[in-house]
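In structure tokens below, several structures.
Across the two complexes that follow, chain A remains constant while its partner is chain B and subsequently chain C.
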Partner chain A sequence: MTSATLAPDRPATRRSARGGRRLDRYSGLGLGVAMLWFSLLVLIPLTAVVVTASEGGWGRFWDAVTNEQTAAAIRLTVGTALGVTLVNVVMGTLIAWVLVRDRFFGKRLLEILIDIPFALPTIVAGLVLLSLYGPESPLGVDIHNTRIAVFLAFLFVTLPFIVRTVQPVLAELDKEVEEAAASLGASRFTTFRRVILPSLTPAIAAGAALSFARGSASTARWCSCPATCRCVRRSPRSASSAASRTTTWTAPPPSPRCCWPSRSR
Partner chain B sequence: MSIEISGVSKRFGSFVALDDVSVSIPSGQLTALLGPSGGGKSTLLRIIAGLEQADSGSVRIEGVDATGLPPQKRDVGFVFQHYAAFKHMSVRRNVAFGLEIRRRPKAEIRRRVDELLRLVHLEQFGDRLPAQLSGGQRQRMALARALAVEPTVLLLDEPFGALDAKVRKELRDWLRRLHDEVHVTTVFVTHDQEEALEVADEIVVINDGRVEQIGTPDELYDAPANDFVMRFLGPVTQLGDRLVRPHDLVIHTGEAAPGAVTGRVTRITRIGFEIRVEVTAGEQVVIVTLTRTRFRALDIGEGSTVQVALAPEAVDAPLEVA
Partner chain C sequence: MAERGAGRYVARLVVVAYLFFLVAWPLFLVGQNTFEGGLENLRGILQDPDVVHALRLSLIVAVIAVVVNTVFGVGVSLLLVRYEFPGKRLLSALLDVPLSVSPIVVGLSLVLVYGGRNGWFGPTLESAGLQVIFATPGIVMATAFVALPLVIREVVPVLEEVGDEQEQAARSLGANALQTFWRITLPAIKWGVIYGVVLSLARSLGEFGAVKVVSGNVLGETRTTTLVVEEKYLNFDKGGAYAAAFLLALVAVAAIIVVSLLRPKESK
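Right after this comes the complex of A and B.
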């Protein structure tokens, strides 16, 4: 024990619990605008969905959900979205790491390219993928009309999510923390596992949630189209029209004719 | 000698951070690396820790050549200016980190962590997260974390630089006493000459990537090797062609004595217990600091004509032509 004296430690002051403050005029106005906006864009359309789905009564709803095609669609949706998210967690973190920590030729370009899947109309992406890995593949890889193709298409559209959520957090990470771990004897792997990864987890989780949501939304949309559902069940390559071929590749509205229920009815 | 640095050079691009530096740091002492920002002292500390690789030269720690060793194998404890706390771990887990890496038995880790938390006065704070501690507490936690693995040398990089003046003084004093008890060879980097003079057994003055002087605080203060060291260690003023300390000058109002300079008082400022008198002698402005009692006894005001002379046993340095 040291005999040195230090001023008695006062407990660190804690901030008062969040949201404990009552609304004043301005925050009330802010909340009002936020709620109105949210209602117009999300709440009302969502309610409409629920109302429409329950129009035929519980029995019909249950039939629709448990019907073989729907079940297959749900399985495919959740399965593919989960798989895609899993791959993204690993690859997205890796890409973010490379972008933040390494300096190499073409880094700026890669930074821009990462966002392309966000910006590109998905039908364009689908066509590109189809021409690359389709029947006329210059690479000799033909996976069109298979689940692998679906998987690949979703990987493409969801790629930026984890990269973009992890990147800023990684950039903010204090390099000294890693140096401290190293001087305490931790190997690079241990430092990553015990020091870096715990700091990244919230960002990875947020990115994964977005990626999963995007993935499942895409599959769902895609499966509302009968032509695609056939290929989900690995039908013979009957869906040979250009439009439905594209469907196999792209997640989002492959062709207005077949995928927007409002129009097809 | 505990740490033997010989011929170490380091460049960052075209910037020379260290230029052929050789220093021996004795065992069991508290050594300060003192110098202005950007002078290379932190780089030297990081080279000792293995966090930076020297371009040339060698580092030996306790007789072992550590030049090529990674930081994990050097057996040094490092404390950073901004604490480098593991934010998601409690104070206890932070302190235990090094011991857990070394796979020590759980009971031993618990005992050792308790002991260290007592040593740094954080025993009630073990379950807090670093964010819930004050700056001074965080730095004490970082110190306990570094000491936990019983390093052969403890390296501190501006350890109190991010703290406010009062806490800094307190911790400085406490570090000195802690060192008297723990006796681990300690090297700390600072740009605060008062901190170095107060705490260190030995000071290495580093400027522009070179060692300017090595010595005890007394040696440095009483016999500065050059005008840089003299300027860096305390206030200076110029009298004729000598560089002197303002408190080593005497003022009198009598006859002009040999060696004294005659001038007119142009400004009088009171700073707490001391009085600063500016005397203009020709082109030169000489600053003299006096105690209040001495000032009152002199009975001078702005405009008075006075004699300024060097007190006997005053420290001075010839002024180098820049």
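Right after this comes the complex of A and C.
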């Protein structure tokens, strides 16, 4: 995303020496203020979560995690996040490839489409997906309250990650190397496997890690998305109890009833 | 374009179809649902004082959070790139944490610390007359938390790329730190900052999970637009929900379009 904001005529080797100056009085003060805000806003609250989670000792934590409901929710989260990441690795690389190497009418539009899931409010994203895949779907597919809905929702939010990490790397890649491989008689598949893929692997891995982290962390949002929040509401315990359950596990287990298929799979 | 084999067209088709079904069509349907009965839905929510209040609150919160995050982000980016201090790598790793923490956990963590009843700091602050949780400050904090790394992520690479030769030159010509920043550094990183601000604004306006936990969702007081969307949807007011969602989506899409329009201008 950022590479586009850089001046193109600036060679990458012109980076300033890493490290730079030592702190003087003002920058030291600045660092102090920044750290204070960062601690108040992020570090102390997150510490509080960890402390509260460990209050009951390891045993209670383990009980909570192995609790049947929670375990099912964790299985669903991790399983779905893994599946989504797999799809993203393939589709993300393909999309990045098309965006970098292909030229056609409407490409700019695709670029915009890819960033939309990142900027779209999650609750709206839920509604957006529901409008096409929900009860009033013009396609006639109603996956409302099924595992596929969760899968689709994950897929939607994690769409930009791999595309945006692979794209700049692919753009930097020399075409000459591929042409050399082709002129030496390599088939397109071999070129892809032996020449392109190795240089893309780090970027793909980084994107996959991001997408997995986001996927496994976004369950909560997706459970509170319209597709599923009805069940949350129906359950007697409200948001506060959902919150207290999350103290024990950072990927907040949604009530499994809620994300589990409401009908037989 | 060396060759245009069939594979290229297949790839193009697959990508376009994938994005069409995952993003474009659903997004279009929200617009369609909003305008199903003409402007009725939109007018309906804009005349509801509670919704108007929610819109205003969302805007105020987003603006405050973005300003705070921009100042913090630019400052921290400068420190990270230009200075050397112990714990720098740890700090730079920690700064990315808010992106990967689930928003519900963000909300919960803030409640644990600033909650009025039994938070760590909450009771003290409350007796000093400052209510954080279930009030605007809490919503601002939750929003600032989730959007924290966006500005930094945009500015740091630009700062690294620009280098500090010009700053050194300015300093050697007698400019003080403030002058160097305003005249040299800021113009150089301008687009990175703007990009970060637009992204943060979109993210801040649309934050849902963290705000839901922290705000208490008091009608006409701490209910933000995203909470209105949920509430309307749960009450089977589909038209209202879609209309509010449409407004939010409009802002998000506008932000992305602004960013993508800015980009080519920059690279010329």
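Here is the rule we use: the second predicted complex is superposed on the first by the 173 of 265 C-alpha atoms of A that agree within 3 Å, B and C clash if a C-alpha of one lies under 4 Å from a C-alpha of the other, contacts with A are read in each partner's own complex, and residues count from 1 in each chain.
Criterion: contacts are C-beta pairs under 8 Å (C-beta built on N, C-alpha and C of every residue); 3 or more make two chains touch, one makes a residue touch a chain.
Quantities reported herein were computed from a predicted structural model and do not represent experimental measurements.
**Q** Does the superposition put A:Ala205 against chain B (first), chain C (second), both, or neither?
**A** neither
**Q** With both structures placed on chain A, which of the two partners, chain B or chain C, ends up touching more residues of chain A?
**A** C
**Q** Once the shared chain is lined up, is A:Ala171 touching chain B (first), chain C (second), both, or neither of them?
**A** It touches nothing on chain B or chain C.
**Q** When the two structures are overlaid on chain A, which partner does A:Val90 contact: first (chain B), second (chain C), both, or neither?
**A** A:Val90 contacts neither chain B nor chain C.
**Q** With the two structures laid over each other on chain A, which partner does A:Val195 touch: chain B (first), chain C (second), both, or neither?
**A** First partner only.
**Q** In the overlaid three-chain picture, which partner chain does A:Gly30 touch, first (chain B) or second (chain C), both, or neither?
**A** Only chain C; A:Gly30 stays clear of chain B.
**Q** Would you check which partner chain A:Leu184 touches, where first means chain B only, second means chain C only, and both and neither mean what they say?
**A** In the superposition, A:Leu184 touches chain B alone.
**Q** A:Ala53 in the overlay: touching chain B, chain C, both, or neither? Say first, second, both or neither.
**A** Neither partner.
**Q** From the superposed pair, tell me which chain A residues show up as contacts to chain B and also as contacts to chain C.
**A** Correct list for chain A: 1-7, 12, 14, 179.
**Q** Quick one: in the complex, what on chain C touches chain A?
**A** It comes out as residues 1-2, 5, 7-8, 11-12, 14-16, 18-19, 21-27, 29-30, 33, 68, 72, 75-76, 78-79, 81-85, 91, 94-95, 97-114, 120, 141, 144-145, 148, 153-154, 157-158, 160-165, 177, 191-192, 195, 199, 202-203, 205-209, 212-213, 226, 229-230, 233-234, 241-242, 245, 248-249, 252-253, 255-257, 259-260, 263, 266-267.
**Q** If we count contacts the way the header does, which residues on chain B are in touch with chain A in the complex?
**A** 49-51, 70-72, 74, 76-78, 80, 82, 84-88, 97-98, 101-102, 118-119, 121-122, 124-125, 128, 132-134, 137, 142, 145-146, 148-149, 170-171, 173-174, 177-178, 181
**Q** Enumerate the contact residues on chain A facing chain C in the complex.
**A** On the chain A side, the touching residues are 1-8, 10, 12, 14-16, 19-23, 26-27, 30-31, 33-35, 37-38, 41-46, 48-49, 52, 91, 94-95, 97-98, 102-104, 108, 110-124, 127-129, 131-133, 138, 152, 155-156, 159, 175, 179, 188, 210, 213-214, 217-221, 224, 226, 229-230, 233, 239, 242-243, 246-247, 250-252.
**Q** Quick check on the complex: what are the chain A residues that touch chain B?
**A** By the definition above, chain A touches chain B via 1-7, 9, 12, 14, 174, 176-177, 179-187, 190, 194-195, 198-199.
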